[in-house]
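Common to both upcoming complexes is chain A, partnered first by chain B, then by chain C.
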Partner chain A sequence: MTIPVTDPEIVTTVTEIAAIELGVPAANLSPETDLREIEGMDSVKVLRMIAKIEHAYDIELDDEVVFDLTTIAGTTEAVRAALAERA
Partner chain B sequence: MTGLRVAGTNQHYDLDPEIFGLFLDPLRKYSSALYESPDDTLAVAQERKLRFVAGRLGLSGGERVLDAGCGWGSLLLFMAREYGCRMTGISPAPRQHEYIEARAAELGVSDLVTVRSGYFEVTDLPERGFDAVSMLGSIVHMPDLGAAFRAARRVLRRGGSLYVSESCFRSTAAHAAHAARTGTQFVAEEIFGWGDMRPLSALVAGAEDAGFSVVAVDDLTAHYHRTIEDWLAGVRAQRERIEALAPGYSSVLERYLETANAGWGYTTKHYALTCRNSR
Partner chain C sequence: MNPVVNPVADPAIDPVGYPGADPIALPWAGLTDYQCFGCSPHNPGGLHLVFEAHPDGVCSRFSLGRGFESYPGIVHGGLTGVICDETMGNLIVLRHGRSAFTVSMRQRFVFPLVVDRPYTCVARLDRETEGNRLYQASAEVLDADGAVCAMATATYQPFVLDDALRQLKLGTPEATALSAALSARTFPSPLSTPNGATHDHPSH
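== the complex of A and B ==
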């Protein structure tokens, strides 16, 4: 693994990917930002974000996470769980 | 016949064929390719896919083949040229037919290629007149799934083969949950006029109910994802020329292709179903 996997590092990576895929500055995203409330948000953008995150960590997130995703903190938790399951 | 009238609004395929020539492969095959290596070009992968379909249909040369939803004739012209098959294509988009007839003449296969206008489900094609039927990405636009499979079986000889490849919601639950979402509605209604990405289970049920035996199911999802990545690269590279032919359409195409590609695996799959008209 070349990608950092501690919680704060996952938050940073997830935030960077979210900023690019959702089209908002990373500075506007906190771990608790409700991603569904971002202007111009749609399910296609969310799926692209998920795909990028899964690709970055070489994991598959559970469907419950994919379709009920609301925050970066929640996504980080799901990534951590998927990494732990794989380890 | 309300459903068929709705399908008649399916204008995407009746746009200027030159638009599609700008981002598809040289055969203008508007369905999934089949990739083997990271170096495969779209053109190579589309030819491989056509040979794969020929294999699934058991074509060895000279068979009578019906392609329902024939697009710009990639399969008709390829099977005529490469396998000497006697090809009939059917689709409701007239501009596709002019293009196919012109290409068939250029390639010297006019005697092997016939194109008909109309709806496959209600066609008067001869009973048991074909050795094989193919439907690549067309059943999604046919409102009556049962009628489509029954029509395929009616025109096939006993022992003949049917190849159906289609984009499907991943499950009955995903179909129910996502069919009404914005992205789905945009693709189904604004791009195509009508479309319903039924799950594989519905396609299998349709085939079984019509009397077919299912002989193979192939998961082509990753191949369609890569195909659409290649199309998107083409749209982006040819944006100005697309705009010249259809102002505003390059961004519509881009949104359609990006929406389709975001869903693969999460909400949608792309399957090929091969059936035989036998017990």
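== the complex of A and C ==
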């Protein structure tokens, strides 16, 4: 499986995974959406989202980073940084 | 032998709200010297895990005694990892009829597991592969209320039994019998639920 790695493509992939794992339509998510404000959101859903993203990109995000993530944009930046560190 | 601290696979436990299914026979059940720490019924110090069909993959119900604790009354996190690994690994075996070694596994702990309480580990395959590519799987440990207490993701490398005989303590007759048992698997994918519906994605 080839995963897109440019920033806009990471945003798209992260948004798609977030929509599935957080149970909201992708159209309702923007890069700046505050994930904590989504109705019915809880930390387990976010951790499931992170686990799927880590698997998709074959990366491990630091726990300090994960606990500070609040937006799609922030998650995208964390993925980009992890990919850069791995390269 | 230490029967006091052995966990018990309790078929009456139904923390995920899914009707309990019959235990699935593992391919190694026919081996006389089968000592897997996770799932052999013959290992007196083992976990004695058994596996059942679940809409997402397979599940294992367990309750761990004080012999498996870290802090007093709390289950050691390493054991949680063993159970997740066992459940994911056996899902690959049951679904694809292939043995696989764990390449990497990551755990996240959400709530501590308490000794002597019932939990269920549910494993699912996140990516199906053909040939010798890697399998990706995930697992969650749920308490009696269905709350997620721990989660794990892992990658597995399938192997051909004949190629691994030098590493395995397995004689040729047993290897032949095991290969036949692996080939004869009947575990479907995706799993059928009791009402005939199928699940392609985690449902809880």
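Simple rule for what comes next: the second predicted complex is superposed on the first by the 86 of 87 C-alpha atoms of A that agree within 3 Å, B and C clash if a C-alpha of one lies under 4 Å from a C-alpha of the other, contacts with A are read in each partner's own complex, and residues count from 1 in each chain.
Here is the rule we go by: a residue touches a chain if its C-beta (ideal position, glycine included) is under 8 Å from a C-beta of that chain, and two chains touch if they have at least 3 such contacts.
None of these values were measured; they are calculated from a predicted model.
In the superposed model, A:85 makes contact with neither chain B nor chain C.
Contacts of A:52 after superposition on the shared chain: chain C is touched, whereas chain B is not. Looking at the shared chain after the overlay, A:20 reaches chain C, while chain B stays out of its contact range. In the superposition on chain A, the residues of chain A contacting both chain B and chain C are 43-44, 47-48, 51. Considering their complex, residues 106, 108, 110, 126-127, 136, 138, 147-148, 151, 153, 201-202 of chain C touch chain A.
Those residues of chain A that touch chain C in the shared complex are 1, 20, 43-44, 47-48, 51-52, 54-55, 60.
By the touch criterion given at the top, residues 42-45, 47-48, 50-51, 66-67 of chain A touch chain B in their complex. Here chain B touches chain A in the complex through residues 177, 181-183, 258-259, 262-263, 266-267, going by the rule given at the top.
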